[in-house]
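Multiple structures are listed underneath, in structure tokens.
One chain, subunit A, appears in both complexes that follow, with subunit B as partner in the first and subunit C in the second.
Coming up: the complex of A and B.
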């Protein structure tokens, strides 16, 4: 479990009175196996929160506790936390160190000082999980952006984290590839009990997650299931976020007299089912 | 200027399973150092011709398309041709007068100047080719492992060998990334009407500053992101008691010894030929 207790964080150089902190008094809890979409406009504090959870940044006020270890405790626990919480960056080119696929996947396990046979086992495992086996011996520079993003996820998964944070991984890849990546991640979460925190500003991506956290100006604005969060249309619009197209369509139909339709529709299948059930 | 990456292969790696690719990285680095030392020493055309034969042999061993390698050297050779013109025009020696072809003010063209400049530039081309070939046939991780193994004795003197090698390897990784970045910036500037090849020298320098300044900025940002990403995957440079394990063990085979002996023989032959040959 990850506990974020009343965390405030400012980047150095920010004048305390003039500029609002990147995070202000954030409190939340992430349980094992949960899949969460963290959504918010640019500058809402999503990436700062991700870095605090992965112990890349340390809170200036409050605490972040990962499986009982405080991120600001220092020493060996810092590295234990970084092993437990895997962070995938927005741009894979910022993250990929080695120049072949296999070497890139092995980079993390090598840093953990694992024996060779275990590194091999982990590399083989994630090559299959992320469908990267056909590219195993290719140069990273020859991969497409979508393949690079899968490789970035593979490199983190090879460290066998219990929590996987994806910092806007779908921003730089086309829609279909992004859907496939998210589907793979959700499958892994189901099969392996990994908690997933997916950071995004694409509203349509949040519907398949267990829980949605909406951030605005460094604070948690909404926290709940996708259906519950999408009921707060006005708050979302104030935070610069619109409803997904299907939800908007459902609400327009309701406004035009189709009042038997549910208040919040999440997917096209939901809409089809709702329309079919009408007499 | 705009399509630079098509003309530079430096820093890329091609895993084609060739004999050169399969050699132990320690052997490759040692052979490289020996041959580079010899090429730096030689100056006569007879030894340069032998060097050319050796490079052709390496090209055959590498199984890389000659066109790909030459295309990667195109920009470098263009730069070298400009340098050649300056070398010839400003060449001075006490015996130059006898072979002067053309003279105007401080500018002189002489046979001696042409021959000397050709010899110098051929050596530079060979050095660039050998370095490119080492990179094209060795993955960054292998290069780092090999260099670290060879420099290991220096650890006793307190030198942070692993960290130094990693800095070198990361710097090499950034070569193709920075080339792509220059390309992106060139396109961005060209679409705003900037013409790099036009105007007086001051205007040209001003046009280039539109690339160089953002290139430095993005380079620094990328370095920061990469170091954060490496730390997030438990890379602990300089951390006492930390030791990385390796996916691949280095194996020294008979072919590696043979390559080393051949390189030493070639080195001796090049130097001997240079001593006895009049040209």
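Coming up: the complex of A and C.
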């Protein structure tokens, strides 16, 4: 479990009162095995929160506690937290360091000082998980953006984290590739109990997650199941977020008289089922 | 027509074992004052086609005409073409080389040996046109700019040459949704306010469907579809097979075809999709609650 207790964070230091903090009194809890979509406009504090969870930034007020360890305790516990929480950046080029795909995956485990056979076992495992086996011996620089993004996830998974944080992994890659990546990540959560926090500003991506957290100006605006969150149309619009098109379509049809349609439709399958019942 | 491309072939690394035929008999026309979007998956030949338009690559076969003149035949001077048609490459960093924004944007006017006052005016107008206030950005270091800002500076540098047309290679690649919208709006403004002809490439119809006057779909070096965005979207199923990202509206419409196989899929807006659905849905059963007379 990760606990975020009343955390405030400013980039500018403490004195400049006129600049709003990046995070202002955020409190939330992330349980094991949960899949969460974290959504918000640019500057809402999403990436700052991700960095605080991974102990890359430390809270100036409040605390972040990962499996009982405070991120600001320093020393050994920081080492432990960094292995527990894996962070994938928006641009894979920011975190890929090795020349070939298998070297890249092995980089983390090697630095943990694991024995040779264990490193190989982990490399083999994630090659399959992320469908990278055909590329195992290719140069990282030859990969497409989508392949690089999968490699970045593979490198983090080879560290066997319990929490996987993805900071807008889908902005740099085309639609279908992005969907496949998210599907893989959710499967990992189901099969291995890894918690996933996916940061995005695409509303249509949040529908397949257990829970949605909406951030606005450094605060948690909404927190709940996708269907519950999408009921708050006005708050979302004020935070610069429109409803997913499928949800909007459902609401337009309701307004035209098909009031038996559910208030919040999430997926294409929901929409089809609902329209079928009208036929 | 600004450009006509007639049966153009281009072989990359020709005469080596790595030779690849990037364009295989491409024919198309680019009308003046419109936005033409060249859409296709990676490796379809989109960038090669842009470079061929500008005369930066010479076709192995076929010809490229600019205002009806073959760009590789005398008396046409291909260098002239580059003063009249600008290009914004995929990564803006690749074409910025000066220290400051002002110097970079003024490079073109200076090379044209324009008087300083005119050069200054062009730089100012070009920066303002891309939404970067002149006084604020003139002395800024290129290295201190964000990716989106660099992209704008690159566009301003091209505008300062006062071109008739600008070619954009994947202008929205790597931008977040907001940056994407802003850049597409900027391109639309360049067309409306400056009457520029625009050619852009993209692997996503989602980005360009609402913007383009003409869409040309390229696949493996050939034009497989072309026409208005609507007429191209009508072939959504084939586009999906080519790995082209479709607008969300089109994806929903395609998905609903399992219920109504004759549902159209060339709608551009949610309102149009709603109207189309109304053709199929039975009349609404529930009426507005009636006031019962007491």
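We adopt the following convention: the second predicted complex is superposed on the first by the 274 of 279 C-alpha atoms of A that agree within 3 Å, B and C clash if a C-alpha of one lies under 4 Å from a C-alpha of the other, contacts with A are read in each partner's own complex, and residues count from 1 in each chain.
One rule holds for everything that comes next: contacts are C-beta pairs under 8 Å (C-beta built on N, C-alpha and C of every residue); 3 or more make two chains touch, one makes a residue touch a chain.
It should be emphasised that the depicted structure is a prediction, and the values quoted were computed from it without experimental measurement.
Chemist: When the two structures are laid over each other on subunit A, do subunit B and subunit C clash or fit?
Modeler: By the criteria stated at the top, subunit C and subunit B clash after superposition.
Chemist: For A:100, is the partner it touches subunit B (first), subunit C (second), both, or none of the two (neither)?
Modeler: Only subunit B; A:100 stays clear of subunit C.
Chemist: Which holds for A:116: it touches subunit B only (first), subunit C only (second), both, or neither?
Modeler: first
Chemist: Who does A:270 touch here: subunit B (first), subunit C (second), both, or neither?
Modeler: neither
Chemist: Could you tell me if A:248 is touching subunit B, subunit C, both of them or neither one (first, second, both, neither)?
Modeler: second
Chemist: A:204 in the overlay: touching subunit B, subunit C, both, or neither? Say first, second, both or neither.
Modeler: second
Chemist: Check the residue A:82 against both partner chains and state whether it touches subunit B (first), subunit C (second), both, or neither.
Modeler: It touches subunit B, and subunit C stays clear.
Chemist: Can A:139 be said to touch subunit B (first), subunit C (second), both, or neither?
Modeler: A:139: touches subunit B, not subunit C.
Chemist: Of the two partners subunit B and subunit C, which one touches more residues belonging to subunit A?
Modeler: For subunit A, the partner with the higher number of touched residues is B.
Chemist: Going by the contact rule set out at the top, does A:167 touch subunit B (first), subunit C (second), both, or neither?
Modeler: neither
Chemist: Run through 81-89, 189-197 or 261-269 for subunit B and report the one that clashes with subunit C in the overlay.
Modeler: Clashes with subunit C appear only in stretch 189-197.
Chemist: What is the shared patch of subunit A, the residues that subunit B and subunit C both contact?
Modeler: Residues 91 of subunit A touch both subunit B and subunit C.
Chemist: Would you mind writing out the residues of subunit A in touch with subunit B in their complex?
Modeler: By the definition above, subunit A touches subunit B via 51, 54, 56, 79, 82-83, 86-87, 89, 91, 93-95, 97-100, 102-103, 106-116, 119-120, 123, 137-139, 141, 155-156, 159.
Chemist: Contact residues on subunit C for subunit A in the complex?
Modeler: 42, 174-178, 203-204, 206, 243, 245-246, 248-249, 251-252, 255-256, 258-259, 270-271, 273-274, 277-278, 281-282, 284-288
Chemist: Where on subunit A is subunit C touching in the complex?
Modeler: For subunit A paired with subunit C, touching residues are 41-42, 91, 144, 168, 171-172, 174-176, 201-202, 204, 245-246, 248-249, 252-253, 256-260, 268, 271-272, 275-276, 278-279.
Chemist: Any idea which subunit B residues touch subunit A in the complex?
Modeler: It is residues 12-15, 139-141, 170, 173, 176-177, 222, 225-226, 228-236, 242-247, 249 of subunit B that touch subunit A.
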